[in-house]
Amino acid sequence: MKRKSIKKGLPPGSLIHIGSLNKEKTKIQLISYNSRVLKSEIFNDVDTAITNISKSKITWINIVGVQDSVVINKLGDRYKLHPLILEDIMNTEQRTKIEFYDDCIFFTIKLLYRVNREIKSEEVSLILLNNTVLSFLETSKEIFEPIKNRIIENIGIIRKQSADYLFYSLIDIIIDNYFSVIEDVEEQTERLEKMFIAKNTEGILKNIKINKYDILFLRKAITPLGKEIQKIRRGGHKLLNDNNIIFFNDVYDHIIQMVESLYIYSELNISLQETYHSLLSERTNKTIQLLTIISTIFIPLTFIVGVYGMNFKHMPGLTLSYGFYIILGAMIIVAFSMIIYFKRKKWF
Amino acid sequence: MKRKSIKKGLPPGSLIHIGSLNKEKTKIQLISYNSRVLKSEIFNDVDTAITNISKSKITWINIVGVQDSVVINKLGDRYKLHPLILEDIMNTEQRTKIEFYDDCIFFTIKLLYRVNREIKSEEVSLILLNNTVLSFLETSKEIFEPIKNRIIENIGIIRKQSADYLFYSLIDIIIDNYFSVIEDVEEQTERLEKMFIAKNTEGILKNIKINKYDILFLRKAITPLGKEIQKIRRGGHKLLNDNNIIFFNDVYDHIIQMVESLYIYSELNISLQETYHSLLSERTNKTIQLLTIISTIFIPLTFIVGVYGMNFKHMPGLTLSYGFYIILGAMIIVAFSMIIYFKRKKWF
Amino acid sequence: MKRKSIKKGLPPGSLIHIGSLNKEKTKIQLISYNSRVLKSEIFNDVDTAITNISKSKITWINIVGVQDSVVINKLGDRYKLHPLILEDIMNTEQRTKIEFYDDCIFFTIKLLYRVNREIKSEEVSLILLNNTVLSFLETSKEIFEPIKNRIIENIGIIRKQSADYLFYSLIDIIIDNYFSVIEDVEEQTERLEKMFIAKNTEGILKNIKINKYDILFLRKAITPLGKEIQKIRRGGHKLLNDNNIIFFNDVYDHIIQMVESLYIYSELNISLQETYHSLLSERTNKTIQLLTIISTIFIPLTFIVGVYGMNFKHMPGLTLSYGFYIILGAMIIVAFSMIIYFKRKKWF
Amino acid sequence: MKRKSIKKGLPPGSLIHIGSLNKEKTKIQLISYNSRVLKSEIFNDVDTAITNISKSKITWINIVGVQDSVVINKLGDRYKLHPLILEDIMNTEQRTKIEFYDDCIFFTIKLLYRVNREIKSEEVSLILLNNTVLSFLETSKEIFEPIKNRIIENIGIIRKQSADYLFYSLIDIIIDNYFSVIEDVEEQTERLEKMFIAKNTEGILKNIKINKYDILFLRKAITPLGKEIQKIRRGGHKLLNDNNIIFFNDVYDHIIQMVESLYIYSELNISLQETYHSLLSERTNKTIQLLTIISTIFIPLTFIVGVYGMNFKHMPGLTLSYGFYIILGAMIIVAFSMIIYFKRKKWF
Amino acid sequence: MKRKSIKKGLPPGSLIHIGSLNKEKTKIQLISYNSRVLKSEIFNDVDTAITNISKSKITWINIVGVQDSVVINKLGDRYKLHPLILEDIMNTEQRTKIEFYDDCIFFTIKLLYRVNREIKSEEVSLILLNNTVLSFLETSKEIFEPIKNRIIENIGIIRKQSADYLFYSLIDIIIDNYFSVIEDVEEQTERLEKMFIAKNTEGILKNIKINKYDILFLRKAITPLGKEIQKIRRGGHKLLNDNNIIFFNDVYDHIIQMVESLYIYSELNISLQETYHSLLSERTNKTIQLLTIISTIFIPLTFIVGVYGMNFKHMPGLTLSYGFYIILGAMIIVAFSMIIYFKRKKWF
C-alpha cells in the first residue's frame, strides 16, 4: 500500500494513486434521467462514456476504481475540474471535507462497513456540477444500489428533483450506513456488560481494547463530517436548491446523534475497563486475604509442632502422659484467637 | 425492537416506526378551550377526531401511540406537516431537537422516569401550530394529567393564554419530571457515600457503575436540551408570544441547574471509585504486611527447629541439659529483633 | 427538607418554599438613608413595615426568613415583582443567576460559610429597584452587619451613593466571604502536603476525599458567578450607574481569582491522591520483596533440614561425625548465594 | 502573613497591605530622561521625591516596598489614581491583570525567581501615565537593573522613545525572567527522565510531585498573561504608540511559547508518573512470580519430607535400603515438572 | 547549546544566536528565474551575493547557517527587514508563527526528520518580499532540492508563477516532510499492537513512553501551524495572489489531517498503556492465585505431618498398624476439599 509521504516534493496536482490497489479495470456507470425519460449504461472505456453524456438531462456518472490516472484526468478535462480535486480523488487517505468551487462542489467522505468484525473504510468522492453528479468509489461495493433503484423505478421524488437532490441522496445513504457499524459497537458493548455482570471476565480486556479502537476509528471518520455538512446547510451556493437544505438538516441531525452515541459508548467502555481494573484489585485483595489467613493460622502452629519435633535429650513435657494434649489444646486456642481476630476484621 | 439502520436507502420522509411496539391502538384526546368554554373528548379513530376539531378555540390534540403510520399521515395531511416531521415522530430513537418551520414549531424530547430503579426513556413529540398544539406520546403514561387538570379546572392563567403557553406548559412538565430522576441519582450517590464511611464496601463497585451509567444516560438526554431551549428563548417566531419567553428562561434555568448537578454527581462517583481503588490498595498493603510479619518472624524460627529435628548421630548440644533452653532463648531473641524492626517501620 | 421535584405539574409562579425550614418568624429590617438622614427599624409584621417605607430616601429592606409566602407575596405586590421572582426567592435550591427586568434587577447568590469544618450554603436573593434594595436571607446570619455599620456610622462613600452602590456592597460582602472558605481548603491541602512529606499517611485518603468534595461544592457555587457578574459589567441598565461599573470589575476579578485558586487546589488534591496511590504500590512492592527474600532464603533451607529429619533407616551421612557440619556448610552456601543474588538485583 | 479574607466588609479602596512584610523602609528611585539629559536619584521620603519630579522629561518612579499606605496614598494623590488601583498595589495576592483608565494604564504582574530550588513570586505593579511610568516592587530585587543601565548608558533606542516603550521594557524583562524558571523545570524533567532510563527510581515519586507543583504554579502565573497582553496588542489607547505594538507582539509570542512548553512538561511529568506506576506493577509482578516459583516447588517437597518424618511405628518403605533414594527421585521429578511448567509459562 | 534566558535584559532586536552551533561557514545560494531565463549560484560571502541579486527576475536566496550575525544583518539592511525579524531568524528556539508586515511576510517553521529513530527538529525561516523569497536553514539539509530541481528543470508551473508560489512550495515541502515522521510513529504503534497480541510485552512500557514523547513533540510542532496557515488563507496581503490561496487550503488540509492522526495515535498509545497496566494486574492476580492454591493445600497438610513428627512419648495412633494410612486418608480428604473449593471459585 502506498503512503502519503511518497508525494513529498511533487508539484501540487500530481496524479498519484494512494491506497490499496483495486486490480479490476475502472468501470463507468452512466445514468441520465429526468422526470420522464431514463438511460442507464455501463462503460469500461472513459472516452466512449464521455461521448455518451447527454446534456439535456440530469446525469449521474458513477466511477468504480480510482487508481487509473488516465480516466480521472479525462473526466477532469471534460468537466474542467481543478487539478487539486483530481489529486484528492486519487488519494484514498484523504480526510472528509467539502470544498466549494465557483461551478462545482467537491465532497470526499469515508464509506464504512464491517467485514468479519473488522471495520473497513473506503474513500468516496462526490462532485456536484450543473445538472451532473460524479461519484467515485474505490471498489464495486453495492452501496449506491438503492439510489439506482429509486431512480430506475421512480420511487419517491428523486426523478422530479434537480441534481443537488441526487447529491444529497448519495451522501445520505453513505451516512445511514454508519448506523449499522455503530449499532455493532453498541451490541459489543452490551455483550461485554453482560459478561461482566455474569462475572465471566475471560478475555474482556482484549474485547474492550478492540471496542475502544473501533470507536476511535469511527469518531475520527464521523466527527469532522458535522462541520462539513454544516457548510452545506448554510446554503448560498448556486448549485444548491434552498428547498433541499432541509434534507441536509436531517443528515446533520443524524451525524450529531452518531457523535453523541459514540461518545456514550466510548465512556461506557472506559468505565468498563476501570471497573474491571478495580475488580481485579478486589480479587487480588480477597486472594491475598485467604493466603494470609491460612498462613497466619498455620505457620505459628507448624512452628510449635516443630519445636516438639526437635531431638534434644532434655525437653520439658515430652514424657508427660498428657503432654501431647496440652500442646494440642494450646494450638487450638492459638488457632481460634486468630480466627476470631480475622472475623472481627470482617475478612470472612 | 427495530433499529435505525433498517431505514438505510429509503427515501427521506418514509414513515417507518422505530422503537418498541405499543400493542394498544392509538388513542386521540382532543381538548378545545378558551377562557370561557371547554370540550374534552377521546377518540380511537383519527378521522372522527379530525372532523371534531373546532377552529374558533385553542385545540390540544394528544396522541398516545406513534406506531400507526395511517394516523400520523392523516394528521400530517390535516395540518400540512413536512414529511420529515412525520418521519421523526415515528422514530422514537430521535435525539432531542427543536425545528422552526414557517407555520409550525416541532419539538422532540425524551420523557424520563424510573421503573424498578431502572431509568426508562420515551419519545415525546410536540408541534405548535396556530392556535393548536399536537403532542405525541409512545404509551399512555399519565405525564400530562396535571396540565389537563389545570385546563379543565381553570387553574392558573392557562385558559387565558395563547397556544404557545400550552406548548410551554407541556415542555415544562416533562423537564420538571427529570428532577425526580436526578434526585434519585443523588440519593444513590449519598447512600454509597455512607456505605463508604461505614467501611461497608460490599458491592460498591457494581453500584458506582450503575450510577455512572445512569448519569451518562441522563446527561445524554438533558445536555442537548439547553441548546434547543436557547433557540426558543431568542424568540422571533410568529407563533411565540414575546411575553411568554420569560417562562422559557425559567425552563432554561432548570436545565442548566440539572446539567450542573449531573456534572457534580458524575465527579462524585468518579471520585468514589478512585478512592475505593486506593482503599483496596491500602487494604492489600495492610494484608501483605501482616503476612510478611508473620512469615518473617516464624519462617526463620521454623528453620531453626527443623535443624534440631535432623537425625544426625553427631550434633552439638542435643545432649546438653540446657540445650533446649539455649535454643529457645536464641529463638526468642530472633523473634523480638524482628518485632522491633517492624515496630520501627511502623507496620503495626 | 423539601425537594425540587415536589413542584412538578404546578403552574409557574407557585409560591412553595423549598429548603430547610427556619422556625423563627420572618423579620423585616428597614433602613432608609440619604447623605444626611438615617432611619433603621426592625418589624415582625410585613404590613407595618410596608407602611413605614419612606419614598424620598434610599431604602434597604432586609428580610430574614423566606418560608412565609404571605410576606413574600405582599412585598411582591408592593413592588410589582414578577411571580417567577417570588417563586425563585422561596426556592433555596435556586442556582446563582442575575435577571434583568425593565424596572428591577434580580440576583440570587449562595452565601457560604463553615460550621465545624463543614461548608454550609444559604440562599441570598437581592433585588435592585429604583432607590430601593430588597435582600432576602434564609436565617439570621450576621453577614450584612458590616454594611449596616458603614451606613449607620457613615463610613466610606455609601451614604453619598445611589441604591446600586448598596446593591454592589451586598454582593461584594457575600463574595468576599468566599475567601475565608477557600483559604480553609488551602490550609487543609497544605496540611495534607505536610503529612505526606512526614510520611504520616494515616487517614490521608479520607481527608483528600473531603477536600475534593469541598472544592467541587465551591466550584459549583462560584464558577457560574463570573458569567452573571459579567452581565452587570456590560452595564446599560437604567438602575446601574456607569461610574459604579468599576466596582463590579473588582468583584469579577475576585471571582476569577477564586476560580483559578480552586482549580489549583483541585489539581493539587488530585495529584496528592495519585502520588499516594503510587506510594502505596511502592510500599506493597517493598513489603513483597522482603517477604520474597525471607521465603526464598529459608524455604529451600527448611526443605534440606526436613530431608535429614526423615526417619529412613538407611540414609547417607547421618552417622558421619561431620555430617551435620557438611550440611550446615551447604546451607550457608545456598543462603549466601541467595543474598548475593538479591544484592545484585538491588532489592536491599 | 496577612490574607485576603481580612478585608471582608471593608469599603472598596481600603488601603490594607496583604502579603509578607518587607521590614525596610520604602525607597523611591526617580529617573528622569530624554534623549539628551538624564537625572537619577533615590529618596527615602515620598514628599521630597514628589517635589523633585520634573515635568519636561520622561519620568520613571520605581518604588521598592508597598507596605506603607502613606507613600502609596501620596503618590495616588499626586497622579490622581483611582482608589481601587492603590488598593491593588498594596494587595500582593492580586492576580495578573491590565486595566485601562482614561489617562492611565495599570498592570500587575508576578515576578518569578528561584531561591534554593523553590519558586518565589513577588507582585510588581506598573502604571503608565502621560510621560511617566510608576513601578512598584515588594523587595529590592535587582530585576530592573538592566533597564536602568540601558537608560543611563543610552543603549538601544530607549532614550529616544516615549514612556510606553519604557513600560514595555519593564514588562519584557519580567517575562524574560520566566524563561530561567521554566528552563529549570525542563532540566529537572530531563534529570528524572535519565534517572528513569538508568532504572534508578529512588525518590522519583517525590521529585515528580515537586515538578508537577512547580508547573502548576507557573501555569497559574503565566497563562492569564496572554489574555492581558492581548488587550494591549489591540492598541487604541492614547498612551500607547502604534509603532510600539510590535514589541508587545513579541512579548505575546514569548508567553504563548512558555504556555506551550509548560503544557509539554506537564504532560511529560504525568507520563513519567504513569510509567513509573506501571513499572512498579511490573516489579511487583516479577517479585511475586519469584516467590510463587520458590514456594510452589518447595512447599510440596517439604510436605513429602514431613510425611517421612512422622513417628508412626508402621510406615511403608522406612526400612527399605533404597527407600530414601526412591523418595529423593520422586521429589526431583516433582521439582522438575514444576520448573518445566513455569518455563512454559515464560516466567523465567 | 545557548538558551533563551541568556537574552534577559537585552534590548529587543539584539542579534544573538540561540541554538546548537553549525561550525561551517554560512553559504548563500542565489536562484534567479522567470519563465524564460535562470541563474543559480552559490556564494560564501554575503557582500558578493548581494551585489549579484538581479532585480528584473524572481529571486530566491537560500541561506544555510544562521549563526553569523554579520550575514543576517547585511541581508536585513539590503531588504529593510525589521530588527525583530532578524532576531527571530537567529533564534532557533522560536515557535512556529507567521507575521504580516507591510512589505513582507515572515514565516518560521520547524523542519522535522528522523536520525536513528530520534526525531530532530531544525528551524526554517522564510521571508516573502516583492519578487523575492529568502529562506534560512540551520544546516545543509537537502530539504529544498526537489524545489530547486523543479525550477531548474522547469517542472510544473513554478517558473510561470509569482514569488508567493515559490513561498508556498517551500512551506509545502516542509509540511509534506512531516508525513514520513508521523508514519513512523504509526508503524511503531502498530508494532507495539502486534507485540501485545502476541503476548510478548517485554520492553513494551519503554516503547510506549518513547512513542508518547514523539507524539507530544510532533503535536507541539504541528498544532500551532494550522492557526498560522489559516492567517494566510484569509488572504488580503498584497504579496499573496488570490488564485494561489487554494494551494494553502491544501496545506491546511494536510495539517488538520496530521493533527487528527496524531490525536488518534496518542489515544492508541494511552489505551495500550492502560490495557498493559490492567494486564499486569491480571497476571499478578493469576500468580497470587496459584501461590494461594499451593499454600492453602499444603500448609495445613504440612502442619498435620508436623504433629505426628513430634517426639511425645504418649501420642495416640502412632503405634497402630493403620495409623499412617488413616492420617494419609485424612490428608487426602483435606486436599480434595480444598481443590473442590477452588474449582467452585473458578480459580483454575
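As written, the chains take the letters A, B, C, D and E, and residue 1 is the first residue of each chain.
Keep in mind that, in the parts below, a contact is a pair of C-beta atoms (placed from the backbone, for glycine too) under 8 Å apart; a residue touches a chain by one contact, two chains touch by 3 or more.
On a predicted model such as this, the values are computed, not experimentally measured, just so you know.
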| item | value |
| --- | --- |
| Other chains in touch with both chain C and chain D | none |
| Distance between the centres, which are taken as Cα means, of chain E and chain A, whole angstrom | 26 |
| Separation of mean Cα positions, chain E and chain B [Å, integer] | 41 |
| Residues within chain D bordering two or more other chains | 277, 281, 284, 288, 291, 295, 299, 302, 306, 309-311, 315 |
| Arrangement of touching chains [line / ring / star / complete / other] | ring |
| Ring order of chains, beginning at chain D and proceeding to chain E | D, E, A, B, C |
| Of chain D, residues touching chain E in the complex | 145-147, 150, 155-158, 169, 172-173, 176-177, 179-180, 183, 246-247, 249-250, 253, 256-257, 260, 263-264, 267-268, 271, 274-275, 277-279, 281-282, 284-285, 288-289, 291-292, 295-296, 299-300, 302-303, 306-307, 309-316 |
| Interfacial residue positions of chain B with respect to chain A in the complex | 3-5, 7-13, 82, 84, 94-95, 97, 99, 205, 208-209, 212-213, 216-217, 220, 224, 273, 276-277, 280-281, 283-284, 287-288, 290-291, 294-295, 298-299, 301-302, 305-306, 308-311, 315, 317-324, 327-328 |
